[in-house]
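First up is the structure itself, then whatever we jot down about it.
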């Protein structure tokens, strides 16, 4: 009952925040609201027991991406451009996609079901072997850090490269701006 | 589900935090100046930390407190980052002027 | 050197209390990481003039101060709550200057943070010898109360070697 | 001994309950107050009173163990960062030139 209650309230707040984001024209408010949006979705992940995803969502969604979006706003305009197209076709596309996604979830096993495919094949194996192999209390850590260590290393390398790339782009931009100022 | 008094108390606290979060969201939505919005985002973050703590006790899994601690850290870092951005970047001042004019 | 060892032990205690795992390998890794962190901070201290590892506070005085601050917070919370809940919200806002007598940066930071932490007053700007404070319900007594707080913060400061 | 423990539990409940009320009051204040500067003060009710009471209540409820230590750590951390970020918001607003709302009685401005 408590789970249902928290999930419902959090989802209502999430939808309200999303509607507010859609309706806002001042982009700074949109950035603040999207930071709150990712905090809310992180809370939802916490209630769903996906603690590692919640960590990532809070760090990336509420932390880094807020700063990045603010940087983007500073380089462009702080207000949204009013679109001239009608929103009818996009609405249909979104509705159809949403319906398809919801239809897809109907076949999925219930939340936390013991006979779900994810619990049947490799899951028990990992659970059984982790205490002997790696000896850490959190199995997710063991999987990410050791069983799929190369995968994680690759991910980290990709993220690191992306960060370096963004930094290079930004610093190049600043230098160009300074040059322009000197010319003026 | 609610069998004992502690459960009831934590549930009440959870509901109170929900109410407070909605109120802060309203201010975030209305907030005339940019700083009102930063302020309410910050309060929302504090309430999130408290919320996770209370939820951990309600579900009798106090290991949620680790996440609460992490959220407190992230919240602080992002607030300071936002404000530093607006205070020290030359381009941020232009933005502030534009926002103030409205 | 003694200070570095204390810091490393403190960090390790923090690490252990957060994890609560007592296996040999994990403990060794934790101890190694805390020593490594202290080593990095020492190197950074050598590179800059600012000393990160030195904290000039008297522990006992600071403990007493915390209890005093908690009482102050309770009182000023009550004031702000009354204002929030009263129908016409009797707000008398004012910016005023509060002089401080602390010598170290840390002391000043503690004083400024305490001012902000007590509801009803917020430190807005730090100048050379005074803070700019914004008060919600200003009265003339506020100056005396803040001077009292200033005196108590100064008492918690240890010997400052600048 | 048993009565003492029960009493402690009751104190914990009272703390949690009043902490929740303080958080609501802080949020209500930040909604009701007329301008940015007064809203800052309402937010600091949540930051100080609400956090102290809720964490204290949870700490008493859990007894004395590692959980209490984590709560204490969260409390110390929020105590250091909460005022710092409030100050940062106030300072940024002050630098950008948002002045307090004019009162009926007194003019805003710096006063020695």
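By letter and in written order, the chains are A, B, C and D; residue numbering begins at 1 in each of them.
Simple rule for what comes next: a contact is a pair of C-beta atoms (placed from the backbone, for glycine too) under 8 Å apart; a residue touches a chain by one contact, two chains touch by 3 or more.
Just so it is clear, the structure is predicted and the values come from calculations on it, not from any experiment.
Taking A-C and A-B together, the chain pair joined by more C-beta contacts is A-B.
Measuring from the average of all protein CA coordinates, the nearest chain centre is that of B. As a whole-number value, the distance joining the C-alpha centres of chain B and chain C reads 22 Å. One simple way to say how far apart two chains are is to compare their mean CA positions; for chain A and chain C this gives 35 Å. Here the CA centre of chain A is 29 Å from the CA centre of chain D.
As a whole-number value, the distance joining the C-alpha centres of chain A and chain B reads 18 Å. Within chain A, contacts with two or more other chains are made by no residue at all. Touching of two or more other chains is recorded for residues 18 of chain C.
Under the contact definition stated at the top, the residues of chain B that touch 2 or more other chains are 21, 38, 40, 66, 75, 86.
Contact topology of the protein chains: cyclic, one closed ring where each chain has exactly two touching partners. Applying the touch criterion to all chain pairs gives A-B, A-C, B-D, C-D. Only residues 1-2, 11, 14, 18, 21-22, 25, 28-29, 31, 34, 37-38, 40-41, 44-45, 48, 51-52, 55, 58-59, 64, 67, 70-71, 74-75, 77-78, 81-82, 85-86, 89, 91-92, 95, 98-99, 102 of chain B touch chain A when the two sit together in their complex. On chain D, the positions that touch chain C within their shared complex are 22, 25-26, 28-29, 32-34, 37-38, 40-42, 44-45, 47-49, 52, 66, 69-70, 73, 79-80, 82-84, 86-87, 90-91, 94, 100-101, 103, 105-106, 108-112. Within the complex, the chain B residues that touch chain D are 5-6, 9-10, 12-13, 16-17, 19-21, 23-24, 26-27, 33, 35-36, 38-40, 42-43, 46-47, 49-50, 53-54, 57, 62, 65-66, 68-69, 72-73, 75-76, 79-80, 83-84, 86-87, 93, 96, 100.
Looking at the complex, you find that chain A touches chain B at residues 1-2, 6, 9, 13, 16-17, 20, 26, 28-29, 32-33, 35-36, 39, 42-43, 46-47, 51, 54-55, 58-59, 62-63, 66-67, 70-71, 73-75, 78. Within the complex formed with chain B, the residues of chain D that make contact are 9, 13, 16-17, 19-21, 23-24, 26-28, 30-31, 36, 39-40, 43, 46-47, 50-51, 54-55, 58, 61-62, 67, 70-71, 73-74, 77-78, 81-82, 84-86, 88-89, 91-93, 95-98.
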